[in-house]
Structure formats: structure tokens, C-alpha cells
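So the structure is just underneath, and the comments pick up after that.
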Amino acid sequence: MGNPRSESNKGDQVKFQEELKDNIRKALPELDVVIGWCGSFDPLHATPHFMRREEDIDKLEISPLSVHNLATYLPGLRGKKVGIVVKGCDSRSVVELLQENLINREDITIFGFPCTGVVDQSKIKKALGGHTGNIEFCDMSESVIVIKSEDKAYTLPMAEMLADKCSSCRYPDAVISDYFAGEKIGNKGEEDADYAAVETFENLSVPERFGYWLKEFDRCIRCYACRNACPLCVCRDHCAAESRDPHWLSQENNVRDKLMFQVIHAYHLAGRCTECGECQRACPVDIPVLMFKQKMNKEIRDTFQYEAGVDPEATPPLLSFKMKEENITEKVW
Amino acid sequence: MPVLTGKELRIVGFLCNWCSYGGADTAGIGRFNQPTDLRIIKVPCSGRIDPLFVVKALMNGADGVLVSGCHPRDCHYAEGNFYARRRLEIMHNFLPIIGYEPERFEYTWVSASEGQRWQQVVTSFTEQIHKLGPAPKILGPEASDTLSLMQAAL
Amino acid sequence: MDPVKYLKSADLMSWLEELARENKVFAPRYEGDAVIFAPFDPKQEISIKHAATMPPKKTVFPQSEKLVDFTYSKDPENLSRILIEAKEILPKGTTVVFGSRPCDVRGFTMFDRVYLAEKTTDVYYKARRENTSFITLACEKPETTCFCHWVDSSPSDASGSDVLATPIEDGYVLEPFSEKGQKLLTSSLLENGERWILEVKDVHENAAGFLANAPDLSQAPQKLLDVFDNMEFWENAAAKCLSCGACTYLCPSCYCFNITDETTGMKGTRFRSWDNCMSAQFTMEASGHNPRPTKAHRLKNRVGHKFSYYPAIHDGVISCCGCGRCIKSCPVGIDIREIVQEAINHEPAIGKE
Amino acid sequence: MKDKNHYLPEMATINEVIQETHNIMTFRVTFNDPQVMENFTFQPGQVGQLSSFGTGEATFVINSPPTRKDYLQFSVMRTGEVTSKLHSLSEGDQIGVRAPLGNFFPYEDMKGKDIVFIGGGIGMAPLRPLMLYMLDNRKDYGKITLLYGARSPVDMAFNYELQSWLEREDLETHLTIDAKYEGWQHTVGLIPNVLLDIAPSSENCVAVTCGPPIMIKFTLQALEKLGFKDEQIVTTLEKRMKCGVGICGRCNIGSSYVCMDGPVFTAAQLKELPNEL
């Protein structure tokens, strides 16, 4: 595991960020809005940043805090000329949206940059003893995050604070872009995706697995942040979760419907999910909801040798078939 | 008349209208002995089966789910079962992550004339489910309703 | 009021066990990486160092609750006729919540004005509210996202609470604030705490001292109405909103709900469940018309309700307790403080409304 | 004293079902408990929530006049889940009723004045109880005019009483449809235009109107042209509702709740509210 990173230092980060800003400055006059990131309520958080005027560009900040997948906003802005800053993983969502004709290529301007990974806030929280409510200072380099919280200074190894998807990332550079600021790191799509965590979980006994999900989903509040943060949950206001006819789910607060919804989400993403992890990141009660989607992707890979979000022209496997399926062995009775 | 001794389990069968439902009918007319755990729901085509039906059935108390359609190349709608095969195969393999044995769900093809094959499929699937025993059940709105009983059973 | 009591930290779990004998006790504990109010279990550690991820809203206003159970049956006199019996399901039992924070419980005082209104008293809410006691922990240090001092509260506000517990060295000073609270403080584990009163004052003042000056929100109700028709303002404010329900469901003062029927066979239940004004379905009419069709309209209503419409009909009280969970837990970092301040500072363009 | 459970519907029986149009049905219902029926009072313009248990509740105006003591009448247009379910019910079926809810038409303040009713489509239903109440107390009011319009004759509800309304000498009735229709003997034209043709005097007059949003918009403009002031125009609103008692939080317009402060508003009151219909 692990992504051999370019030994660029902070200076390079600043350099490509300036280049990126120049790119946006050039393109903005033709665009309604460019979406990037900027600082948020404390030094440890960033927030999506909608740039409409030139002066908005100054606030743009690219850092390991740029966690949000901004592709989520694209279908809602259809019809507008939109610029979007993408990490490698985010760009794969853009590819999916293009593939599904949910956005028009000519309306979208994509700004790429070499992504060295984003943090997992829960990991930082754990490293800080379960509390990130009083962050006074935060600075990051390639190798460490320095945080001051409640008069205590922490120096955390960046590699350990990165989101899981980043430590096994195979697409650090945008797979599709109109502008690319900085030096590409190099994508490695031909390497196998890492599903070790899924496999470990599958080795548990049936009651252990079933019980695990019941326990985890018990605290679900059905806010559907997982769904709304998902760039590929494109039904938006017409989701099966709230439909009365068909009546997939009840409104009762019960663990069955919460679990069922996650299966619905995973299945509706079969062959579409790019594992950007927004569902899990958005969950306000930290339920590990990404694993269902990883499992689905693993099955799609094993059965159809297909990976979503790489080729805008590809046909997703569940929208096609072969008379003879090489990797499906039917049961003999 | 249950072929299998012991308590009946709940098996839900989704059968396509054109082949498998006919096959089951043929088995019935031929008076082939079959276990009675299966409850059949007729659908227009195996391509009509949303694989989520399978999970919904299991979560609502089924111990096994069987889908049966026309043989490949024999679909009344030409290619419904080809799409179904891909979807159902994926769901079959997905089940373990939730905590269901994949063997609780099978899909197969039975034509309207294959009464004998239908008997074979039902009997063998029913045996398979009985071997697994009852599926994990969700017993109340809160996780603790189920977990406390699961722990007691372990 | 009865004298102030003192509880040694070492006796906390035993005290909660005592309380759990006659009440359902909820206390915050880790579930995964989140801190949730869960039924007290002496075998599991509680987590009270910081405010919980979720407020204890569900203890009085459950995520879903049964309003009415109904059954269908055939009329024995006339078999073609279906009879329906509908029965109200009222909550029973007493609950004690330990480890709530001042903001968490103050949220219920905003519920109270609505749910306990004289002519439209909500019997379900009333039953739970009356039978639930809150032992609230005063905050020692507010977080970055805390702004209780903006909304006429403080880290040691006891409004809505029955007992205020202030952590001091090796223990807690427990002050009763209601009759219910007094009744909770009868255990032999508790000693007289009068001698700690000055320390308590110090803790409270110290916590309040961390909070910077609060902006004046007295203009907020009118200013928010002034920008009501300025959709550009709201579209900018809502641009990054995902329309999820994290902010509303984690909010101690958000009280909107949905009512839905769920049936199996001849039986069914009418449920009340949390609802989310940020969702398009919230106001969607059967005809397809939606008075709040976009997320900008909906965010406007959410902010407007808390800082303008509610104060207008409830003696100027802002329906926000300043806990900051909507900021902290928002997947995209929307900051309600910014929106309110921007509305207050918004200068209407000349010649434009 | 025990508080009333506002969420628990009173059980009632459907006594009569009238198919008004292809998508509107009228239900006449009686509470199962005779005591409840006897003590039930309401004011014209108030609404009720009808329950089909298992499907849900929806809000409808009680459109029988308060002077009718033997039943409550609701007219239901089929649009969504609950209304579709209600349309499947027939005589003898049980439903739940939560009523009366909301405010009512200020009929006391209207005494001694001329009244113009302007109803479009199903919007006639809320006007009906007030008009029938006024006809029952005819001497208290001045000239009463009714302008009732629908898309076509087959979309016109209350067909069975239109003739008697036309024949009454103390009521001036105008019926109109949107487009020409074979056999139609009354006016053809959109309600706002017909209203301008009828041109009722705004002098000491109150206009009461209800109908689809687009009709209301132009009707208000027409009334303004005719010299009606906002205080002289009364309308009744519709919103998605759940609780009906001002708690659940979805029918608000700013700080007013349509279920409690409405559904009846004067145009003057509406102008005071934020623009969110």
C-alpha cells in the first residue's frame, strides 16, 4: 500500500496554487461560477467556495483540508457555465456525471491539480483525544500536520491522518481536466484497487457481521447527508427513501429501514460509485457507510473487470450484457 | 405435504410469468411432490426483479429467496433475463457484507415445460435453506431488541 | 430550594445506577466515533468531557413516536363493512438525562412555547417533558463553534434543566432548579455542597470569559424580513448547502415533524417523526406546487424561523440555543452565524427593495 | 383537566358520496358518537383533516353550512395519495376526522354589505358554506353575487344545486367556463375577464375568492381595477399541513401559520406577510 509521493515541499504547493488561481482568473470571465475551497470556521476545516468575482479567487485554498467532492454541485447547476476544481477522485465523479449525461461537457471547465491526499477528520479527532472543538492553530506540510488545541501542540504524521482512500489512491491527478496546475504525480489505474478491509470484514461470522451493522445503524438519524453528499445520488428530490409509492421504507425510527436504505444506496451506485467517500465523511454520527459501496465495487470489478469514473464513453456493466458471461457461473441444480 | 421434516421456513419465490410460473404450474399438474415452504410471487419477467426485492424480503423475515426466469435466449422480452443475470449475480455476491449467507438467495432458469426441473429446483433450494436454518432476523426498531437476543442465542 | 449538593467523581456511576432503579437514565457514551445519549449501562463508560455529538432531543421528542395505533376488522353484523379502531398511544415512565449541556436543554424551552401552548397542548410532548428530568453539566470551556452568548444564554444557563452540575475538582456541585430536580438530589451519596459555591461561580465565570463579545441580534428579525425577497442573497448563502437534514436533526431547538401511517396487514400505526425543512418534500403540495422550491428558499425559512418568525410570536426569544452543532456537523461547513450577520449588515442596493 | 389529544381523529361514517366531476368527489360524513355529532360546531371557512388510516391525512374545507346539523360535507379533488384513497371509499366506510381547525370567514363583519363570491374550480368548495350561511341569514346581507367558473361544464362541481342558485332571486349567479363547449348556455371566458364584465360595484362590498393561484393572481388585479381595496378582499389559502395546530412547522408564511392564523386572510393581511405562497 501507500502512494509513493513526489517529494515536493510546501513551496511547490504554494506554486501550483498560484498557477491554479491564474488559470481560474483566466477562465472566470466566461463562467458563471467556479467552485473550489476556502477556509472555514476553524483552522482545521475548509468549506466549498463559490467564486463569482475576481476577488473571490484570492480566498481559494488548496490543502489536505479540501475534502469535499465538489462534483456533487454540478447537476444542480446544469445550464450554467461552471468551473470546478477537482482532486483526482473528484474528477472521476465528473466522468460519471458526463457518462450519464447529467452534465454537459461544454458547460463545465475542469481545473486539476496534483493531489497528495486529504485528511480524515475522524482520525485527527482520535489523535487529539476525541476533541477538535478548540483548534487554535493548524499548519500542514507534506509529511506532518501541526495542530495547537487547548494550549497543547500536536505534530501528527500526515500519512496516518490521510483518508483511507488517499493512502491507497491510484488517481492522484484529475483523469479529465481543461487546466492542470503543477506537476502531475502519475495515475496508476492499472493497479488493483485495495479491498483488504472489506475482505477482513467478510471473514467475520454471520452474526458478527449482521450484529455489527445493527449496532452501527442504530444511531443513524436518517438525515440522508450520506445521500445528499453523494455526487451520484442524482434523483435528489425524488429519492426512494421518501417515496410513499413505492413504499420502500417506513418513517418509523427503526434499524431495519436504516440498514435497508444503505443497501438501496449501494445498489443504486453499482457500477457508478467512484468511492470518493463523501457518504461516510458527511455522516454526522460517523457510521462507516462506505464499506457497502466498496463491496459492490469489488464485485463489479471481479465480475465485469470494470471501474467507474475513468472513461466518459464507457457503458456501465449493469446497463449491458453478454450472451455468455465469462465470470458468472450459474448454479447447477 | 412437506417433503422435509421439521418446521417450515419462509422462502419467497419471484417467478416470471412466461416460463417459470408455467414450469411451477406444470409441476403442480404433474403432481410432483414439492416442499411447501415456498411462497410464489408472479412477475412479468426476471428483468422486472429489482435485486433490492431480495434484500427487502430477507429483512422482512424471509429465510430464503428464489428467482426464476426463462432460460437465456428464451426471454419473452428477448433480453430481460440477460440483464437480470448480471444484476442478480451481483446481489448474490453482495449479500455476505450485510450478514446474510449468499446461499439464501439463488436465481435460476426454468421453462414452462420443465415441471421436473422445477421440482428439482424447489426441493434442492428448500433443502439448502433448511441446512442454513432461519435467517438472521431484525426483531424490533432498536438494535438492542435484536442484539440482546442474538447474544443470548450465541 | 434545597441546599446545594456535592458528588464525588468516584461516586458518579453509583449515583446513576441508583437513579436508574426508578427511571430510565440516559447518559452520553461513545457509539463508534460519535457521542450519543444512550440508555445508561453501568458496564459501559460514559463520555461527558465535551458536548455530545447529538443533543438528547430524542428523550423528549423521539426520532419517531407512535401517535395512534389502528386496527381494521370486519363488522360481525355486516360482513361487507370494515370497522376501524384507533387508539392513542401515550408515553409512559420517567426518564432522567445526565450529562446534557445548557444549550441542549435550553432547546426544550423553545419547544415548550409551541408544544405546551394553552389551546393546542401536545399531549405526547407534555407527557414526556413532565416526566423527564435533566441533570445538566455546566460547560467549562466553550468550543469554537459555540455561540450561546449570542442568544441570551451562557455556558452555565440552567433554563429548562432540573439540576445544574458544575464540575469542580474531584466532583460535581449539584444545584436543583426545579421540584423534579430537588427530588433527584436525595441520595445518600450526595453531601452538602454549600462550601463549594464560590468555586462554582469561578467555573461559570471562567467559562463565560472564553466567549468573545456577542453581536447585537436585536435587529435580526426585521433585517431577515428585509432580505426576504432578495433571492440573490439567499442563493449565495445556500450555494453550498446539500439539503440534507444534519443541521435540523442535530439541532436542540428544531421541532418540526412529519406524520405518516405505516401498515402491515390489518394493523397499522400513525407515527410522528422528525422532519427536515431543508428537504424539498417538506412543503411539497399534492398538486406539485412547492412554496419553497429551492434550497435557497428552504435555508431562508430555516434561518428566518429561528431568528425572525419565532421571535416575532414568542416575546422576541430567538429559537436557536447557540450549540453550534449545525456548524460543526454540516458536511459542507455552512455557518448560520455568518448568514445572520450578513443579513444584519446587508445594505439594500439603492432603488431596489 | 385532561388535555385534548389534537392528533387523535374522531371516527366518522361516510353517509353519502357524490361524484361531482371526473376528479372531485363529495363526502357527507357523520361522527359515530352521537354526542360528538350533537356538540359539534364550526364556522364557515374552517377546515378539517380527513384520515384514511394506513394512508394518512389531508386537509379539506368543511363545505356544508354550519346551519346543517346532521352531517359534515367535504369535497375532495383527487391529486395525491390520500385523496386517491378517499376516492376509493363508499357509503358506510369509516374515516377519521379532526375538525374544526383554523380560522373562518369574518361573516359578522360582512353584515350589511354586498358580497361577491368568485370561485374557480374546486375553489368553489370553501365559498359554499359561507354563501349558504348567508342565504340562510339573507336579511343580514346586501346584494349577493356569485361568479363560479371552471375549465369546462364537466369540471363544474355542485351541478345539482347550480340550477336552484340560478333560479333564486336573492342571488345573482354567473357561471363561466374557459372555452366554448357544446350545449353550454352560460358565459364563456376566464374568471377575471368575466368579473370585469359583470363589474360589481366595490361600494360597501366584500369580495370573497378562492381558486388556483394563477386565477387568484389575475382576479386580484381585476378587483383592484374595479376599485376594491385590499381590506375588501377575502381569500382562503391552501398549504401542505400535517398537525393542523401550528406545531409541525410546514404551513408557515413567515410567522403566520395557515392552519391556525388562516386559512382565511384578507388581501391586506396577505400583503403584510412575506411573499411565499
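First chain written, first letter: the chains are A, B, C and D, and each begins at residue 1.
In this text, a contact is a pair of C-beta atoms (placed from the backbone, for glycine too) under 8 Å apart; a residue touches a chain by one contact, two chains touch by 3 or more.
On a predicted model such as this, the values are computed, not experimentally measured, just so you know.
*Asks:* Which chain's C-alpha centroid is most distant from that of chain B?
*Replies:* D
*Asks:* Can you identify the chain nearest the overall CA centroid, using each chain's own CA centroid?
*Replies:* Given all protein C-alpha atoms shown, the central chain works out to be C.
*Asks:* Find the geometric centre of each of chain B and chain D from their Cα atoms only, then give the gap between the two centres in Å, rounded to an integer.
*Replies:* Here the centre of chain D sits 52 Å away from the centre of chain B.
*Asks:* Averaged over CA atoms, how far is the centre of chain B from the centre of chain C? Could you give it in whole Å?
*Replies:* The computed centroid separation for chain B versus chain C comes out at 45 Å.
*Asks:* How many Å are there between the centre of chain A and the centre of chain C, using C-alpha atoms for each centre?
*Replies:* 31
*Asks:* Could you list the positions in chain D whose residues touch two or more of the other chains?
*Replies:* Touching at least two other chains: 81.
*Asks:* Can you list the chain C residues in contact with two or more other chains?
*Replies:* Each of 258, 260, 284 in chain C touches at least two other chains.
*Asks:* Where in chain A do residues touch two or more other chains at once?
*Replies:* Counting only residues that touch two or more other chains, chain A contributes 215, 218, 244, 252-254.
*Asks:* If we count contacts the way the header does, which residues on chain A are in touch with chain B in the complex?
*Replies:* Chain A reaches chain B through residues 198, 201-202, 206-215, 217-218, 248, 252-256, 259-260, 263-264, 266-267, 270, 291-292, 295-296, 299-300, 302-304, 317-318, 321-323, 325, 328, 330-331, 333.
*Asks:* Would you mind writing out the residues of chain C in touch with chain A in their complex?
*Replies:* Interface residues on the chain C side: 31-34, 36, 47, 49-51, 53-54, 62-64, 141, 143-145, 236, 239-240, 242-246, 248-250, 258, 260, 262, 269, 271, 273-274, 276, 279-281, 284, 327-329, 331-335.
*Asks:* Where on chain A is chain C touching in the complex?
*Replies:* 33, 40-42, 45-48, 50, 68, 72-73, 122, 125-126, 130-131, 133-135, 150, 215-216, 218-219, 221-225, 227-229, 236-237, 242, 244, 250-254, 278, 281-282, 284-288
*Asks:* For a test of understanding, state which residues of chain B touch chain A in their complex under the given definition.
*Replies:* The contact residues of chain B facing chain A are 51-52, 55-56, 59-60, 72-73, 79, 82-83, 85-87, 89-91, 93-94, 96-101, 106-109, 117, 120-121, 124, 136, 138, 140-144, 146-147, 150, 154.
*Asks:* Per the contact definition, I'd like the list of chain C residues that touch chain D in the complex.
*Replies:* It is residues 67-68, 70, 72, 78, 80-84, 86, 88, 114-115, 117, 120-124, 126, 225, 228-229, 255-261, 263, 268, 270, 272, 275, 277, 282-287, 289, 291-292, 297, 301, 304-305, 308-310, 312-313 of chain C that touch chain D.
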